[in-house]
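One chain, subunit A, links the two complexes that follow: it is found with subunit B in the first and with subunit C in the second.
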Partner chain A sequence: MMAEKRQIDARGSFCPGPLMELIAGMKAANVGDELEVLSSDKGSAADIPEWVKKVGHEMLSTSEENGIWHITVRKVK
Partner chain B sequence: METDRISIILISEDREDLQMAGMIASVGAVSGNEVTVLVSMNALKFFLKGADDRAPAAGQMGEMLQRKKAPSFKTLFQQAAELGDAKIHPCSMAMDVLGVEWRDLETFMKEPLGLTKFLNDAKGGQVWSF
Partner chain C sequence: MKIVIVGGGMGGTILGNNLARRLHHELKTGKVRITMLSASEKHMYQPGLLYVAVGSMMPDELYRDQASLLEPGIGFHVDPVENFMLDKRQVKTKSGAVHDYDVLVIATGSRAIMQGIPGLAENAETFYTEESAVKMLKRLREFQGGRVVITVGVPHKCPMAPLEITFMLHDFFKERGIRDKVQLHYTYPIGRVHSLENVAKWAAPEFDRLGITYETLFNMKEVDGKNKVLKSEEGSSTKFDLLVAIPAHKGMEVIEKNGLGQNGWIPTNRTRLNMEGQENVFVLGDTTNIPISKAGSTAHFEAETLGENIAAMIKVGSAVRDYDGKVFCFIEAGKDRATYAMFNYTTPPDPKEPTRAVHWFKIAYNKLYWASARGLL
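Here is the complex of A and B:
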């Protein structure tokens, strides 16, 4: 099965909303899929990589543009 | 993944307390920790089926949480249970005082729990109270 790329638009949501939306997306995703979270919450930009590290998924990138964070994660298990 | 036991006792009716407890429960649970919440005293009424979750703000931050549409504390507890398998129990004593049954509570609430079991289960882990 081909890995998919999906975007989760969590702009306007406060902590821990973006993380929760990512986790709900992770549950529905297949191993190998990439999920990109869009978040306007700066705290989540730091918190999501911490969660990814703890549970053992793969952080692909984090960047910020015009106050919006783009956090991309690969589901590995 | 390192797993901790996190036990939360929730008695407040202030929005700020309920929100912080919900944040710890949800983030703790989805990070692989075993989370147990005991809901008692003034907090329990918000967990009745269909109860209004606009808890009174204790201060400015509580008013801002409402105005800026932060996720409701009830949503956070529901996510803790559904996404992270947190166990959220009503306190059996508070249920007796309030005169409510388990079936009157939100469906994500587990069976009523007494203090003895809660305290035994909490042994050796983190304990938070709000």
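Here is the complex of A and C:
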């Protein structure tokens, strides 16, 4: 199966919030898929990598543009 | 103009009543027809299940006849939709009836999935159905002490439920006189005890004060029922004598079967509330994939916006306002106190110290809900 690239638009999400949206998205994704989270919460730049590292997925990139964080992660297990 | 509403939960009911009032004249003259298709003749007040689980509400308090909640003029059928034929602007129901529509609203809700985690259904209590809430109550009554673990899946309906059930369990065991024999341990998927930062800042010291331990960054992976151990995706594990789960939810099966959205969540425009790529199909409440709380109040505020917009589209040919992401959630804080969180896409919540007044308003709301569903509140 080809790995897919998906975008999770979590801008303006205070609850459940970008990390919860990513966790839900990860469950629905296949191993190898790339998920890009869009977040308007600067806290995502810290808490998403923290979770990704702890659970053992792969951080691909983090960038900020006009107040929106783009955080890309690969599902590895 | 044929408006078809699929689902008779909070969103569908408030929308139907809102439209019936706004389009009273058009309904009377036959210019507009509103049809509601639902899977049940009963309407359940779902937040009440939390109270059933701790014995402070009885299941029969949670139900009303759906027909009794609806404005005259709404054609209500207990005949769930099985096929969505969006290209033909039709839906087909279980009985085989085909309904044409000009405007379709999908508000079918969500369901808790205990089977998503190996061992969870067999070893955990939950409260997202009447049957499970009653079963949990009986188990809590029999429990004589030990380690109670509360665990949380993603996504889940009612974002305050994990905190509320924890505080309620503290009170429940205290009232039974066995709190000193019970260790309450709370787990949560992200790096704080609640997704809302301000709520987490308030709740964590409350847990400390009440002797409730917690572990964050904990996502259920599997339950070892033999050894009574819950394991996490993050590699940790915790022992339990009684496991209480807020399981991950999915949208309804019919949504996924019809290819409308992965896991039953329909891709939805966050301000217009139309299904992506479909100008005349709208989505309400839990059924959307919008990244906001799956809660009754979300469905309520979305339904009010959509009612105003659909009526305006019929009257003047244009929607009049955007949904701003408004959510309002009560937070039961234990010991007859409560607070609330209100927020939208741009403004985070700033919950105040819990008070008895808010708790009693929440208890009153458990009855006032029926006025809310009728569109009167």
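What to note about this one:
In this text, the second predicted complex is superposed on the first by the 75 of 77 C-alpha atoms of A that agree within 3 Å, B and C clash if a C-alpha of one lies under 4 Å from a C-alpha of the other, contacts with A are read in each partner's own complex, and residues count from 1 in each chain.
Everything below uses one rule, namely that a contact is a pair of C-beta atoms (placed from the backbone, for glycine too) under 8 Å apart; a residue touches a chain by one contact, two chains touch by 3 or more.
These numbers come from a predicted model, not from an experiment.
Judged by the touch definition given at the top, the superposed model places A:Val76 against neither subunit B nor subunit C.
For subunit A, the partner that touches more of its residues is C, with subunit B and subunit C as the two candidates.
By the touch criterion defined above, A:Trp51 reaches both subunit B and subunit C. In the superposition on chain A, A:Gly17 makes contact with both subunit B and subunit C.
Using the contact criterion defined above for the overlaid structures, shared-chain residue A:Ala28 touches subunit C, although it does not reach subunit B. In the superposition on chain A, A:Leu60 contacts neither subunit B nor subunit C. Residue overlap on subunit A between the subunit B contacts of one complex and the subunit C contacts of the other covers 12-17, 19-20, 23-24, 27, 47, 51, 54-56. Every residue of subunit C that touches subunit A in the complex is listed here, in rising order: 154-155, 159, 189-191, 195-197, 217, 219, 233-235, 248, 262-263, 270, 291-293, 325, 327, 341, 343-346, 348-349. Taken in their complex, subunit A has these residues touching subunit B: 12-17, 19-20, 23-24, 27, 47, 51, 54-56. Subunit A contributes residues 8-21, 23-24, 27-28, 43, 47, 50-51, 54-56 to its touches with subunit C in the complex. On the subunit B side of its complex with subunit A, the touching residues are 1-2, 23, 26-27, 30-32, 68-71, 76, 79, 83-84.
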